[in-house]
Amino acid sequence: MPVISYIDAVTMAIREEMERDSQVFVLGEDVGKKGGVFKATHGLYDQFGEHRVIDTPLAESAIAGVGVGAAMYGMRPIAEMQFADFIMPAINQIISEAAKVRYRSNNDWSCPMVIRAPYGGGVHGALYHSQSVEAIFANQPGLKIVMPSTPYDVKGLLKAAIRDDDPVLFFEHKRAYRLIKGEVPADDYVLPIGKADVKRQGEDITVITYGLCVHFALQAAEKLASDGISAHVLDLRTVYPLDKEAIVEAASKTGKVLLITEDTKEGSIIGEVAAIIAENCLFDLDAPIMRLAGPDIPAMPYAPTMEKYFMVNPDKVEKAMRELAEY
Amino acid sequence: MTIEQMKMPQLGESVTEGTISSWLVKPGDVVNKYDSIAEVMTDKVNAEVPSSFSGTIKELKAEEGETLAVGEVICVIETETGSSTTIENEDLRGDEPEQAIEDAYNASEGNSMKSRYSPAVLKLSQENGIDLTTIQGTGREGRITRKDLLKQIEMKDLPQETAQPKVKTEEQTQPKPKVEQTSPIGTAPVHKGDIEVPVSGVRKAIAANMLRSKQEVPHAWTMVEVDATNLVNYRDSLKGEFKQKEGYNLTYFAFFVKAIAQSLKEFPEVNSMWAGDKIIQKKDINISIAVATDKALYVPVIKHADEKTIKGIAREITELADKVRTGKIKSDEMQGGTFTVNNTGSFGSIQSMGIINYPQAAILQVESIVKRPVIVNDMIAVRSMVNLCLSLDHRVLDGLVCGKFLARVKEIIEDMSKENTPIY
Amino acid sequence: MVKNRHEDLGLSNEKVIEIYKTMLMARRIDERMWLLNRSGKIPFVISCQGQEAAQVGAAFALDNTKDYVLPYYRDVGVVLTFGMTAKDLMLSGFAKAEDPNSAGRQMPGHFGQRSNRIVTGSSPVTTQVPHAVGIALAGKMNQEDLVAFVTFGEGSSNQGDFHEGANFAGVHKLPVIFMCENNKYAISVPIEKQLACENVSDRAIGYGMPGVTVDGNDPLAVYQAVKEAADRGRRGEGPTLVETISYRLTPHSSDDDDRSYRAPSEVAEAKTQDPIITFGAYLKETGVMDDALEKELNDQVMAIVNEATDYAESAPYADAESALQYVYAEK
């Protein structure tokens, strides 16, 4: 099985879907000739032409809104927001429109579109090139939010998102783009949206997280294993709507739960995960639910000292896991 | 002919009322559907209200200038035919969902949650040394709640009869009256110079038990007057020697307890408890005696009082009272009482209404022995008289049996003498 | 006798009667909605009154078998022309299950009916503009001969979505007709506090498209402008901005009292230009309609409106629990 990078899995999924279905097309800033600022759409312009890989005017609300219109017509648009931080002007189109088209028309219309955006820090991106924005959209029924951690999941989930009949926000961790490599089958496959995935089986503590933090948890779990601590790692993969069943199962398995997000803590995805556990697992818990997240400051600062301070990293994860194991 | 009602429309999203600024019709006028009948003014708009019916105006229900809530009838219209096309807007408040929730809640009965202990319950049980297997949970499916434990702990603090497990179970099957722990907080005004005394745990427990008894038990009250002259003479003849010999006092109270225990044996109905769908007559006669300290009231128990001599009872009264006053009383010494005797006479009372020591069926107050002129054989004589006051749970007991019971106590006491009342 | 202008536009007498009848239908439905609101039977009305000529004239210039319309909340005339019925609109007013727009989920005025290519809309204004561009883009990618027609008020023309959508369509030369129904008021704020330029159509040049302003009380003038725009779009020449000038004859909505911000005399003056009256007069002056036909048309329309009202009023609501349906696709 070929080993490819996270970003190559993005490109591969889009290419395969565009080859499979002529209604699939890409629109966004710099996605055409340049192939995207991160090169996520590299080669697609040459292969499919400017009419299916559209360089749009620099206007996020139009990118989203034109996508909504095309999707209501029956196309399968993949809109790219250059950075998740720049999705804000498009929020009205995403929340008031895309999320509600099916519901408000009583199933008469639908909006099968994907909005891709690179998110996350650790790349010297400062306040406006580092944010995690998923929590903003994570109480909007009608939307789905996918945040994969591995190249294998990227390909399977992005293809599923493109084929999904409802709007999907697909957030890709930009630090993972070239850092994370993994085996990805060359053939066609899709993974279910809305299903979490156990990335490591363990008995002593449970870590529930998503995105780049999954790798931090796996690394820490490896170290802890040599000390006889066995960690169970659940990758949420879809952060809205959450896979409640998998969360309850993973939390109940060890009774000690660490929730990790790179986002700022209050109001983040893991707060909802904690609520699900609190509602369902009272009699299985062996320790208070523990959270590891970014500090509650507006965004990640530029200076390397402060960036490092903000970011979740393998050391912080290991420390938290050890603390929980010893509880 | 059908009578139809025109109601105040909601004119504006947030509007709750409207004012009739002028009527455009009067009784007797014939109107067509959609003809304007009134001008209405609200916070948001001024508008003409059209009729929803064709017919004759029968009655205007409001004066000009009058403000009515949305949905109130503004006028009555008599129509030619039935209102076949008119449907009242459905009442959208429908209470079905609530009902469904309630049903779902009530659906699960059983004990599957009995041994699932929440962290809060475990913590309390450990801190207070409570064996959770002995607690009956009141939560869904038998779960022991934090409140169940708190209640248990409170009972322990108050050295007073806690109902035996059997009785307790019964209690829980009957609909429980809502019993407030104490009276509503913050109702009594505090003025300058007033002292606010914090309510201690024991005080709270006393308050809760008193309140519960008073709210749940229908109290009835009765009193008999007893001539204790013989008893006084008899006891006075013994007390010096007794004290010297035994080292503690031979009190009147011991004689009364003995007499009561003996009467209870003969009237077991009085030695009983209310248990919802039945009354439990207790085999053992265990007399709770009220012992007061400066701040609280304790009720230790003289077990099997009917089997004990007056001396034995006197000794136990002394020991229990000492233990209460020195704080050494143990909780098992305050459990299992079946009837309470309260020595109210010790502080000079001659008449009082006791509150029943829940869940017992009655409490007897032994008042002060006082010398009074009474008629004996049509002559005035000075006699030592004592009142015995009985509060009874009227669910369990009636006047007749209590009257007989008290008459028997009276008889025993009045007959007390060296000849028929052995001390040992 | 005045000049017969409709023949010059290729419109038969039957066609202009149809236009008139549709305008009348829009007006009578709207008037009925107000009566129902004032008698407490429906919670909300938002009106088309005064804009029927612009709406119906424009919609008649489109092909209602293949074009897409993205109406804004006043466009009763547009949706009637594209196949929605009086009964459908009444069902929406009463929020009943059979309402094709949303089955009682949305307030009245939030049109949508896929079978007639009336695209579903929301309440935040102007969001429909980029959607029209997306539909035109999709049509172009699929080599479909379609035009996307989108309307909005002059207040909405200040929104970013108008600018972003118009610019996108201009850049990509997409067959979109942007029609601003300028009724002089954005709720209470008059046009001079909305625009620094004289006409909304002045803005077209910034997006590389033609912009025209026409009399919104004249359905034939609007028909002509929209017809030309549609033809341009079909020829691949890109979008057009059409501005129709009319006057909002009612308060903004049933919740608004317009006496607080405009003089009754101003409204009375505007009513002399009411398109139902002026276009009726034109039809009579050109001999297309006589008093008898006018009465007959009015009776026909009222019969339909009465029937629609009774039907919708007695129709059932959707089950309360149907609120849980269609958040996502249901297999």
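The first chain written gets the first letter, and so on, giving A, B and C; residue counts start at 1 in each chain.
One rule holds in what follows: a residue touches a chain if its C-beta (ideal position, glycine included) is under 8 Å from a C-beta of that chain, and two chains touch if they have at least 3 such contacts.
Everything numeric in this text was worked out from a predicted model, so none of it was measured.
Compare each chain's C-alpha centroid with the centroid of every protein C-alpha atom shown, and the nearest one belongs to A.
Using mean Cα coordinates as chain centres, the one most removed from subunit B is C. Across A-C and A-B, the chain pair carrying more C-beta contacts is A-C.
Subunit B and subunit C have Cα centroids lying 70 Å from one another. Subunit C has its Cα centroid 41 Å from the Cα centroid of subunit A. A separation of 59 Å divides the Cα centre of subunit A from that of subunit B. In the complex of the two chains, the subunit A residues touching subunit C come out as 25, 51-52, 54, 56-57, 59, 61-62, 64-75, 77, 89, 92-93, 96-97, 100-110, 141-142, 144, 164-166. Listing the residues of subunit B that touch subunit A in their complex gives 116-119.
Listing the residues of subunit A that touch subunit B in their complex gives 282-283, 285. Here subunit C touches subunit B in the complex through residues 32, 35, 37-41, 43-44, 251, 254-257, 259, 310, 313-314, 317, 320, going by the rule given at the top. Across the complex, subunit B meets subunit C through its residues 6-13, 34, 44-52, 70-71, 85-87, 89-90, 94, 97.
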